[in-house]
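Same chain, two partners: chain A is paired with chain B first, then with chain C.
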Partner chain A sequence: MTKKRKVTFPHFGDYCVPIEYLMRQGLDMDYVTPPPMSKRTLELGSKYSPDYVCAPFKIHLGCYIEAIEKGADTLLQTGGVCRLGFYGELHEQILRDLGYQVDFINLAMANYSKPYTFYREFKKINPDLSLPKVSGALLTTIRMVESMDAADDYIRRNIGFEQEEGAFDRLRADFLNSLALVESQKELRYLAGNYMKRFKAIPVLKPKRPLRVGVVGEYYSVMDPFSNHYIEREMAKMGAVVARWMNISNSLFHYPKKEIQARIRGYARYNMGATSMATIERALRFAKKGYDGIIHIKSFGCTPETDAMPVLQNISADYKIPILYFSFDSQTADAGIQTRLEAFYDMMTMRKGAAATG
Partner chain B sequence: MNKAYLGIDIGSISTKGVIIDGQNRILASEYLWTEGNPVQAVKKLLLSLRGKFDPASYAVTAVGATGSARRLIGVITRATEVKNEITAHAVGTTTLYPEVRTIFEIGGQDSKIILVENGVVVDYAMNTLCAAGTGSFLASQSRRLGVAVEDFGRIALTSQNPTPIAARCTVFAESDLVHKAQIGHSREDIIAGLCKAVVTNYLNNVGKGKKIVGPIVFQGGVSKNVGVTKAFEAATGLPVIVDPNGHLTGAFGVAVIVGRKGAERPFDFGLAEMEFVTKGTNCDGCANHCEIIRVYQNGELLDAWGNKCEKGVSRTR
Partner chain C sequence: MIIGIPRALLYHRYHCLWETFFEHLNLQVVVSRETDKAILERGGVCAIDEACLSSKIYLGHVESLLGRCDLVFVPRVSNFGQRDNILCTKFEALPDIVSNTFRHRGIKLLDCNIDGRQSENELSAFMLMRKKLGKKRFQTFYAYMLAKQAEKLEQDSLAREQERRLEEAEGLKLLIVGHSYNVYDKFIGGPILHYLKALGATPIIADRVDRKRALSRAAELTSTMPWLFNRELTGAVQECREKVDGLILLSAFPCGPDSLANEILLRRVSGLPTLNLLVDSQEGAAGIETRLESFIDIIGFRQAAKTAKEASL
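Take a look at the complex of A and B:
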């Protein structure tokens, strides 16, 4: 029996909670949660990354280093359908050059259409792995992610109208803490249902026709609030319903690839990779549903999302819906972001006011 | 006694102030350099404005602040409105030109485009991480050429054959400019080429994907450069309006907003003689080390900001 592995995965919103569950319950490894992301994470990551690589790469590298400092000895990286597919190898190389003695589980080596190959990758690190145990834990992990995504969807739409400042944030923190203690799928089901009821019981005061903003964009930057300077929250707090489809549940577990391609045929016929098609499809849907505005989020230099932008401009012109574009690198100043968000909010308010009276 | 509203626009390069009456008429205005010290600039601004209007018939009943230092100056002047500069510019321009459809705005550090339909802003865009094609770029190139930036426009108009200059990026533009000067292009052709490069850069970046419809109003400090205005007219094929008070639009706009909202708060020009100190510290609460700014008036804490969580809030010291 070898010593228990201490595995880590970079922060990604709050998905560290289900990932920890999978590692502990399914793979029988210890999990090291990286310290909360901070300027130091960004500085460390940027210092050792190629300058022109996208921000998620830098953030991941910073998280790895901080997790190694906390005792992690095995690093997990996923595969992906853009440059992300090469990240694991490059991270491993950089960390080795820096002298860190760690193991890497690089899921880019696995084949997404053959789930068994994932098992093979993990087995390299833990030969005692049990397939039934992994499968059972994986199922619970998926359910956990779904329950988090459902809660967050509700929160985004309502937090801007909470009567008691901080009510949603407090309950959400509570929810995540409870999820971290879950041991079975049955327990999870009860917990998720119970918390959802409590989220819905938080008093909100919504106007009859509130401003509605749809958020689209690149996988990591759109789902990770630290990376996008908590933009959804800032927007919601000004008094808006914020909607976002892109999350792990929708993109990994229930991705309607064929429907998406069909729905956007008039705007894009060839897949431009990664999240670009989902971005276009959701933007179109928000436009058709009469949303007041769309926010597009990407990391600086993200090619698939850069390719999606001209299409978004066409949608914006056809449906007369304003789109605000953000491109994030490792900058930390919030002032420029705040200015643009405020102006966007003012503009949507004035447009809505003019539409109502005119 | 009639009500008057003070609008202050504190940009990175210049500080603007306007006092208007209830009919949006300008009673007094001032324009000066920020010189990296917004508090000092606003004090100077207030001293100057105080002498420019008739205190026997008008009293300032509310203040509005806009521009990149709006938060700081809003606290110091006890502003009733602290508004982002995009909204302030849009309101200012649509008040003066209700028919306007497109607003070009090029300032010292940033540039934006605002699209208007029936007096309502329907879309806008702002330059992103880079200051290419803005006023500070023109200012630095003017020093290189040994010409006052204020003379740029006049000189540009004398050119028959503007030198093509790479417009995409400031660094490329600068090396292109040096190269063109060394191979013998005349100074007026280079200056005209620079004005054209600013316009090309603007239309390709900020104006990308936007449908430009007249009437067009061009404002911000760079609108004082007639060479750039002419280049805009050539590129769009439309007449471009430059208001003589175009550099004051942000301050004017925020004053109009203050007047419309109607909230009042006593204002005293004596602020200009008070002592304001700002202190920046790094919070040690966690690894994020938020930069917290505290503003003191005569030694007393007025406000503090910059922390990302509750831990960092300290309004006591």
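Take a look at the complex of A and C:
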């Protein structure tokens, strides 16, 4: 029997939990979770990456190197729209030039409109793959992602008002630990329901009209709290409801492309690439719903999200809603972020006060 | 009716096609002037800070056309069908960037949408423009055909001319690998071509090779590179690498596709001296003169060392 593959995938929020499930249960591979991301991850990634490539590239490279050090021998890269489509080939070249002997599953070689081609890419690495097993595991993986996304959505809206400091974080950590033990869809359904009840049972004290902040932006940086310096959490903790639509469930499994395009026609007639449409549509929706502010997140130099900014500026002017723009690269310092968030929070509070009395 | 065309981005690749097309529809065309300081500065003011230099310059050109034409021609070009034929997302976004940036300044766009994967090819995109232009179907088709012909003639003659230069030129030959709109822009590539000639070297432009042939050779260096222009440039390197003395990779800060594509070239094309030039809006080509000079010195030095070694064997 051949030795089991030790596969790894860069960190992406906490989605490593469902990915690990898919690898172990569906593809019969061992999974190496990269070590928690740290300054070292960033430093390693930046050191070996081209200078001005978008930040996710550097972070992924750092994760790969740290996972290889931990024993991974097979690296998974997804491919996808925009520059992601070319990430994998260059990652592979850089790691080979560094002397690492690893295999790649580069899904950029697969064709996204033909699911079978994914199976083909995986089969290259594990010839014993069974299609029914993979499909079954994939379904559970999707459900797992959905349950995480639902929980996080609830947490973002409530964590700012928890009565007992840290209650949400603790329960969320438990939840992830339990998810990691799941073996079937039935178990998952039970767990997810149970935990959702427990999240909802955590006492929160919300003012009648709390500040509401909507978060939009580039795929990776908006979904990966490490990349965006945990700003959603920071914002919420100041005492705000934080809402974000962009997550894996919504963007990958339930993406309403036609509707999005129709809703933003007054501002943008064409698809501007990657997540830009969703960014614009959600920003517009937050504006129409009377949110107090919007935070836009992207990595430095991200072309599609930079191109969405003139539209966001117009939405901001038309609906008189402030937008705070963040652009992250491997050099961004925490201190500056905190100051900008606080100033933004104060401004929203003042505007709300003025609107209430005026 | 007067059609304004910004002398930036895709203009440098398609000017012959576009101008011939509009002229055969009996439309007057104004093209904005060459990039100068004012255009650059205004572009910087209009654009988002982080946008690439090439697109900042573009917005400067658009602004310079306001009030001077009835419609500004801003096509959207996403891809030409196959999966490795996409363009940088900037070209998908351009009409909406322009209309959002200048929405209170009375701008009217003439746009068209080339998106091969959504079965909108170049011909159908050009045909659709006739509605806004008030032209007949046949006339539009005819104008497009003539424009295509003119484009082909021009490209062939440019490629032939360059092949001749590649064979005949004396002195150092350096392959400039960069997007047409960067190489031919007065602010970005202009000074570089100028210095090179002043230093007695012959610039060979990667964008001026037989594009079809170049495209087919890109696969020798990369399997998944998605961008058409970068694939052409990569293939052009394969075509020319035996015949030139060095490579100059020319990019505008912070170009997305080039950030990855140039790195692949640096890592996979060995044995040729390579200079990586990144032009940003502050510095422009300043300081580049000295870098070019020492690059050329190094090539000369290495070649002399090699000849000496061969002579001593």
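Observations on the model:
Here is the rule we use: the second predicted complex is superposed on the first by the 357 of 358 C-alpha atoms of A that agree within 3 Å, B and C clash if a C-alpha of one lies under 4 Å from a C-alpha of the other, contacts with A are read in each partner's own complex, and residues count from 1 in each chain.
Please note the rule applied: a residue touches a chain if its C-beta (ideal position, glycine included) is under 8 Å from a C-beta of that chain, and two chains touch if they have at least 3 such contacts.
These figures come from a predicted structure and were not determined experimentally.
Within the superposed three-chain model, A:121 lies out of touch with both chain B and chain C [touch as defined at top].
Residue contacts after overlaying the shared chain place A:310 against chain B and chain C alike. In the superposed pair of complexes, A:153 makes contact with neither chain B nor chain C. In the overlay built on the shared chain, the residue A:82 is in contact with chain C alone; chain B does not reach it.
Counted by residues of chain A touched, the larger count belongs to C, out of chain B and chain C.
In the superposition on chain A, A:301 makes contact with chain C only, not with chain B. Look at A:327: by the touch rule set out above, it reaches both chain B and chain C.
Within the superposed three-chain model, A:274 lies in touch with chain C and out of touch with chain B [touch as defined at top].
Once chain A of one complex is fitted onto chain A of the other, the partner contacts of A:103 are absent, as it touches neither chain B nor chain C. Common to the chain B-facing and chain C-facing surfaces of chain A are residues 300, 310, 313, 327.
Within the complex, the chain A residues that touch chain B are 35-36, 38-41, 300, 310, 313, 316-317, 320, 322, 325, 327, 329, 331, 335, 338-340, 342-344, 346-347, 350-351, 353-354, 358.
Taken together, the chain B residues at the contact with chain A in this complex read 68, 83-87, 90, 118-126, 128-129, 208-209, 211, 286-289. Looking at the complex, you find that chain A touches chain C at residues 50-54, 57, 79, 82-83, 85-90, 93-94, 97, 106, 108-109, 111, 267-274, 276, 300-304, 306-311, 313-314, 327. Only residues 48, 50-52, 76, 78, 83, 88-90, 92-93, 95-97, 99-101, 103, 111, 113, 222-227, 253-254, 256-257, 259-264, 267-268, 278 of chain C touch chain A when the two sit together in their complex.
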